[in-house]
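What follows is a pair of complexes built around chain A, which joins chain B in one and chain C in the other.
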Partner chain A sequence: MANIKTVTKKTKAQAMGMHKEVLTGRTQQKFFNPDEAENFYYFGTYDVDFNKRTDLDVENMTAAEANKEIDNLMSQGYGTIVIKNPQGKHSIGVGILNKLNLIFEGSLGYFGIGSCDGPIVRINGRVGWSCAENLMAGKVVIEKNAGSCFGAAIRGGDLICKGSVGARTGIDMKGGTIIIGGDAGAFTGFMMQRGRIIILGDVGINLGDSMYDGTIFVGGEIGSYGSDAVDAELTKSDQDWLKRKLKVAEIGENFDVSKMKKIVAGKKLWNYDNLEPTEKKGAI
Partner chain B sequence: MAKKKNKKKASKSVAVKDQQLGKKKETAREKMIGQSIGYRYDVNLLPDYSKMTPFLKKYVEAMGWDDLNWLEDVHMGYEEGRPAVFCRNANGWVTIPSSIKLPNNQQDRDMIARELLVKFQMSPKHPLVDLKKAYLKF
Partner chain C sequence: MCGIAGLIHRGKSSNVGHELQGMLQALKHRGEDSTGYALYGDTDGKNFIMRFKVGENVGEGSTSVAEDVSVYDERKKIVDTYLTEMGAKIIKEERILPYSLRYEIQYDKKDLLEFSQKIESIPGVEILSMGKSLEVIKDLGNAKMVCDRYNLDKLVGTHAIGHARMATESGVDIKSAHPFWGYPFSDVSVVHNGQLTNYWNNRRSLENKGMRFMSECDSELIAVYLAEKMRDGASLEEGMKESLTGLDGVFTYFVATKDSLGMAKDTMAAKPLVLYESDDLVAMGSEEIAIRSILPQEIDTYDPFDGEVKVWQI
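On to the complex of A and B.
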């Protein structure tokens, strides 16, 4: 939450029409260097080649061993890694902060593909709870169904499930896009703060409950709205973006997006300062 | 006497507060809670892909993505009166140098913000590089 100061002089940002008030936050007095070299990867990550491909059979490996081996293969420049026999292992394919094409031939257990930043992941099976939790960037495609808390707290990237998902999809998400080809369970978009959720099928009860911001698009029936989730007008810009996104997701290319419902936050719950008057002072 | 003085002070502060609320708050909700809770940009603004810069096109291609991906959530905001971009990795606002001329519409500014943020995050001078050296466990 932002504090307000009295504005006496027009700043550059105000003169450009970006805002009227002065909000203060956690500035670090860091400035961009316009002459920064053109570089597309994080400093210290591996230089991998998508055309360099290898297989990794993880049948007799623990999740930790498998994750270490994926890292080892990336260090050798492999840009496409096919994981054989994942056999529903938990916490596999996590913490990848690299450009990578990762393919799982089978299903994953709980907390698969967690805390990743950049890879393109395809899972030719199902996933358990909390798949792609805290995803920062990249694209994750699940060919079948997903469990509860799908895409919990994601910050960015595209998370796609071609089948149906369980409850609390996109709980606490702070960015990115979640796309569901089938149905979604109860409390979808619970406490979401930013980002977008697209559901082509039906969705359960309490959709967008206590959502702070962000947008949910639904193609099917809605069980019920959650607290502070309200309808909004579907604009032309929304429709163009939906068509583009569904093409990226490889699902619903012929879906009539003009009939989708758009749900946003009613912003009636924006009263944390009333509830926590002392805590707000420390917040942005 | 003391009581009279207190009454005057109290009524003045209420008057000032009311005046500020009426001037600064845009919604009834903000007026009621006495605080603006806005972001520094429209978080729900969808990107206009026709405005993508050549650098961003190259970045998306290098990463193997089909679109702006995580950069769809990056917008140009402001910090202490100057245009700035929020770097989620450093958890702070990074200011745009005054030497960079900014266009007069948000979509074009957002694309510049995305380009600068990528350059900043991928730079060996990013604050996380030092932190990684100091705290990397495995």
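On to the complex of A and C.
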């Protein structure tokens, strides 16, 4: 495939001077010239050393100041950052696009760890609404409870809450795994399109409502099924995967997975394809 | 988007005015068109405290029409006359602002319906609260502005609920601000975050049953709805549970009485609520930062589930 940067033939629109941008970035390069991997530049990423560790007290910082300081520390090569006194502040730890050990000694408010791609995060407290929204890769572990919209629209990575979560967990998720040690609220898996949700406790009403695809495993009672959600057979390979996943997630290692219920989408949407755009390109 | 907060100390009193101010100020980004407090202070329980207004705050982005201040004096005089006619004796009188008054009154009858109807028959006069412990204070501006304006910082009591409002369904004025008094029941107040979609149907039905609405704010419906249920003999908790199906829309609301505090969350759990509960304190708010303003140390909190109703006693 041709490298988009070397394409000389202008489109009609470009020839007319309507736009001059040149498409760049990891995704485009990956599509068009995988041989040039060494030239990849992923904006906002840093090479960090996990053994280089520091503390950051955010008690008297705004969310923007805290995020800027995390970015600054990463630019200095710090690979393990311990955040002190987050005090339930919103939108901390967002937009981290490289590997990083990030530890929060306390609780986060809304939109914590949003739009991340790669970090390993441990929160020794609770999180508010929309934790880890749009997570692409990495691992996020919450030691206590979480609010609603937990893991909304994630595409990859493991998102683990050892306590209970609110409503609409995994809403619109497109990949990855969400694991809940306790109970989950109403509309869990609402409009999920891919990925897996594991709930060891009970779950509220309208489970998997309008789900397109993906799988939900429930260990406890189900309040009610949502539209399009149906039971499926729990296979041996499902059980093996669940055991492995719960062990890696440090949660429910001794849980009897053989009694879990498996819920899937009962209706195939005629215009829905469960492949991501990148995968479609690969298939073609 | 509005913010609500509430707390109840069990077995002791505390500086609830200061505590609630901190909680609501932490939520000011959710709305600062108006802020309201329902404070349950330590009193001897003998006399009623009546908070009422004889006009609106016409500054600070208000949607109210300006009036000549002299009409406030006229209205106050009529209130005083009516109180005397009904056998109520004014023990103490405070005029905090030209349009806002606080009376401590001796009144022996238990039914406040006739009393309230008489006072509110005066155009421009509204009773914000009536109770032996409850005081509702609401005005335009954020929590600190209202707290400073009414000197609430020192108020000691057992519990309180409050509201930081972003006006959506009705005007920026005191009559549309929360909390709402559970008219005509003494010491009942309500704050709400959300939107009620069957407001007009319920309002028409309740007005036909003799209940009164002072604003066009959908949240007022909750106070009136619960008051009507209690009038018909239901307990507070029973009324709250019925409201989960009787009220349509999205809501999280708090209700307080002289000795209890309750919360209810709609069956879709569309509105946020974070809750902290210990043996001697329950604190809750739309966001955890509200609770953190009074409990900065690491604590365990959780989101109540959909359709949940909880009531705590002092």
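Just so we're on the same page, the second predicted complex is superposed on the first by the 223 of 284 C-alpha atoms of A that agree within 3 Å, B and C clash if a C-alpha of one lies under 4 Å from a C-alpha of the other, contacts with A are read in each partner's own complex, and residues count from 1 in each chain.
One rule holds in what follows: contacts are C-beta pairs under 8 Å (C-beta built on N, C-alpha and C of every residue); 3 or more make two chains touch, one makes a residue touch a chain.
What you see is a predicted model; the values in this text were computed from it and never measured.
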item	value
Touching partner for A:Gly114 - first (chain B), second (chain C), both, neither	neither
Touch count on chain A, higher of chain B and chain C	B
Which of chain B and chain C A:Ser164 touches, first, second, both or neither	second
Which superposed partner A:Lys267 touches (first chain B, second chain C, both, neither)	first
Partner chain in contact with A:Gly252 - chain B first, chain C second, else both or neither	neither
Touching partner for A:Gly204 - first (chain B), second (chain C), both, neither	second
Contacts of A:Gly151 with chain B and chain C, given as first, second, both or neither	neither
Chain A contact footprint on chain B (complex, rising order)	20, 24, 27, 29, 32-41, 43-44, 46, 49, 55, 58-59, 62-67, 69-73, 76-85, 87-88, 90-100, 102, 104, 106, 116, 118-127, 129, 132
Interfacial residue positions of chain A with respect to chain C in the complex	87-90, 106-107, 109-110, 125-126, 128-129, 144-148, 163-168, 183, 185-187, 204-205
Touching residues (chain side chain A, partner chain B) in the complex	1-4, 6, 11-14, 16-34, 36-44, 50, 99, 101, 118, 120, 136-139, 155-158, 175-177, 194-195, 213-215, 237-238, 241, 244-245, 247-248, 264, 267-268, 270-271, 273-274, 280
Residues of chain C touching chain A in the complex	267-270, 272, 274, 287-289, 291-292, 296, 298, 300-303, 305-307
